[in-house]
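Structures given as structure tokens follow.
Two complexes follow with chain A in common, the first pairing it with chain B and the second with chain C.
And now, the complex of A and B:
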């Protein structure tokens, strides 16, 4: 049992390693000092006010939100259809198709970025917002397929068969039975796709048109040997947002599942 | 059973076409472009010549970058395995009611911005970081000690970001092991250590391998972490691609380097899938 305690202690240390630096960012966001590091010289919200006045960051935030929503819609739509095919139908070469669907994960993101960029160059299409949307969609697609597929497997087909035998057409069955049942899966996939896009920097640096910044590339551009206090404040806002949305979504899902039927 | 349903094809075709257009065809274009000739900044000429490949084969700078990338990826993978196995084991075997919390905390980093997690290490090791301010508060040093922007901080940054992949993969395979096997080994006379090494460890190898593959490939294809946490000499192979395309605007060379990285990391994935199959990986990613 002594060994077990040692293992537990080790685990706590590893969790500390994973979260301590993040907690430091959250803490330093409230530091009143001129620079973004230690020591802490009093608590203040001034860097949040500074952040709210920073036009470059606000513009980047807007770009990131629109980009995330656009690629979310594309990746989720395509991903749900593909996941439905994988779960509901049997067909030849399913393993190969699955591998093909997750292949964008297996290609290093840097190579994926360069490949698409060169292809666009060959087509004489300059870097654009559209390229970012399509690129982020392809990065998110495999994850959406995997997440939705994993959740769809748990849904039984009895209800659909019952609906069909009671006279509902395939389209009606899909929208009144299948879709509501798979809504949590859709939600999980969509949220994942949005986060992947919102967080992406590796490929975005290659694909963005000059002058266009997303939140990660904006932060990247602001890093010059030191972290400005505004970045800490921005980090605080982003962490609250990206952690808050899924927690809220999970809470809502639980609420609705309890209060339904 | 394996009758192809036409509806499946309809549902699949948008995704398959999208991947074909956005991944497969562009990969072919990388290869084609690697034979093009670079003339000037952002100017190149369609050609079929091996100049870029000759440069790659003859310039020691590129070879050094390849070795450095493989070495660093191996170090990060090994350290992630060592750091990650025990927490995965503890989460899988624990009896506490708070297991869900441990798992939730493990997924949480995926929702936190990669760049924020990476730059957070500047707050730890930087000249105004936690370690330096502690040292100065204790009077151990008067001026900040330089600990940032070296290979060590790059490795720490990589492990910090990729460790959850490792822990989750090992956890998934440990969780699938029959709980009666270890006690059975014990009643047959094995010590706890023997039972672990001969029963549990081998059964968890698929998870360890899947986690290791992910960490290795993700590290090997990175360039942002060395740019943020590394010094001028801490570059990986993907940094050369970034330099060629973004800084020097030498597209043919960028294509040549990209194809090389694809071949290097792709062969690792292929070896893995020959040994383990990709099923384990797709299970772990969801």
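And now, the complex of A and C:
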């Protein structure tokens, strides 16, 4: 029995260690004082108002959203196609292609970032928003491939064979059978891709053109001067966003599956 | 309606010959079964007809037209799978109507055709349900309805009953055969279950290791096997070695080690080479008659009994020869160790070359 109590205590400690910093940010966002710290002196939303008036942050937020959506669309599309090729077809060098597709996870992000930068320099291409989209897509691609591949492996080929035998061509079969069946994985992969791009800072610092900020680089920049309570408010927004989107998605997925099957 | 013909069909997977030079004609409107153990090539043949596998050599013809290069979705075949393969995200109605979409059938016609197909498989009025809400047997009927609603030239059935439990399987095979008979579609049925094959087929093609062993009606392959493999695969058969003593137009005289000499009618010896000196004598276990009186027949001892209710299977020893005997019984089976007399009618024996 004692062992179980110890284990419980230890588990609580681990979770506390993981979530306490996030909780601090969430709480301090509502602190009225200029120089935040505990105990909280008065609750107010003034830092949120200030945040909403800060043009630089709104610009960064817009950049991050557009960047995230673009990377998501590209990584998801490529990821689906790659997973289809890897699961449904056999070709020479399949193992090498798989390793190659997954490698952005294995390579340290800094190395990947510098590598792509040198490559673009070699092509005489300046740093640009396009480069950011390209880079973020590369980072997100392995996650989409892995998630979709796992799902696709579980979908028996006889569904597709049945559709083909009934008269559907390869493309019709994909859109009427394969795609709907792997939709949950596509959804999850797309979410992964968006969140990875939205949260990325290391590679973004290397790739962004001068003057362009995403939300993480903006926060990073602001931290260099001082710890403004605005950052806590921004942190609050980011946490709500990155947690809220997947939870909403999961809820929607559950709602749809309940009302369809 | 259509006749399917395979000419010298070969399929190799690397160095493995899955199908070796198959020459088969599937008659128009007939129910033909490809029967054999797993890995004998029967499913590969079905998948090649369906267009899901590409032949390594040879031709597949439907009504004389070579269809090797016709893609699956243009072949107009109905395919029924072992695991039903109903689309889980579509309703029963959408599942059945799926193939009609690609055949230019109007919405209202499709509704009528779906209704008719559901009537044929005796599951009317379930258009709006999802496959997961149906039992295995119902799902297989829907799979059949989906395959026949497109009025296919050929119906291909890949072990469609093997995922069902035993009672349902026997019920479904009677119904499946009845539906096939009613709509008269040329059907190719793949199974490893000999009783299914015997019960349903107009013609059975027995296969082993990529080769066609025998083609014939259920009665022919059961009662007139042309090889030891066919005899053994279609129910329990005894195979006994013998020496050919004398041979003429009407009969063949052979002697066995423990069962004495037998005078077989020549008609039972078509599988015996003209110059053969040795012969394999094949006799089905239900043709081995046990007489409670050891004096009436060749004396034997019962070594083991497999009691199945209305049937009993006896494992007996005659001298140094082991035999199986199957008997319909009304009372308790004979006990192990009982002395019996074995009677075998030579007319029930088939002689094959060694």
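Keep this in mind: the second predicted complex is superposed on the first by the 249 of 261 C-alpha atoms of A that agree within 3 Å, B and C clash if a C-alpha of one lies under 4 Å from a C-alpha of the other, contacts with A are read in each partner's own complex, and residues count from 1 in each chain.
By definition in this document, a residue touches a chain if its C-beta (ideal position, glycine included) is under 8 Å from a C-beta of that chain, and two chains touch if they have at least 3 such contacts.
What you see is a predicted model, and the numbers here were worked out from it, not measured in a lab.
After superposition onto chain A, the partners chain B and chain C occupy separate space and fit alongside each other. In the superposed model, A:181 makes contact with chain C only, not with chain B. By the touch criterion defined above, A:162 reaches chain C but does not reach chain B.
Contacts of A:111 after superposition: chain B is touched, whereas chain C is not reached. When the two complexes are overlaid, the chain among chain B and chain C that reaches more residues of chain A is B.
By the touch criterion defined above, A:172 lies against chain C but remains apart from chain B after alignment on the C-alpha atoms of chain A. Our angle of interest has its tip at the CA centre of chain A and reaches the CA centres of chain B and chain C; in the overlay it is 100°, to the nearest 10.
By the touch criterion defined above, A:25 lies against chain B but remains apart from chain C after alignment on the C-alpha atoms of chain A.
When the two structures are aligned on their common chain, the gap between the nearest CA atoms of chain B and chain C comes to 7 Å.
The contact sets of chain A with chain B and with chain C never meet. By the touch rule above, chain A contacts chain C in their complex via residues 156, 158-159, 161-169, 172, 176-177, 180-181, 260-261. Residues 50-52, 71-79, 81, 83, 85, 87-89, 98-99, 101-103, 130, 132, 143, 146-147, 150, 156 of chain C are the ones that touch chain A when the two sit in their complex.
Chain B meets chain A in the complex at residues 1-5, 7-9, 11-12, 14-16, 18-19, 22-27, 29-30, 33, 83-84, 86-87, 89-91, 102, 105, 108-117, 119-124, 126-130, 132-133, 137, 160, 163-164, 167, 192, 217, 220-224, 227-228, 238, 241-242, 245-246, 251, 254-255, 258-259, 261-262, 265-266, 269, 278, 281-282, 285-286. Residues 3, 7-8, 10-11, 14-15, 17-22, 24-25, 28, 35-39, 77-79, 81-82, 84-85, 88-92, 97-112, 114-119, 121-122, 134-135, 137-138, 141-143, 145-147, 149-150, 195, 198-199, 201-202, 205-206, 215-216, 219-220, 223, 226-227, 231, 235, 238-239, 242-243, 246 of chain A are the ones touching chain B in the complex.
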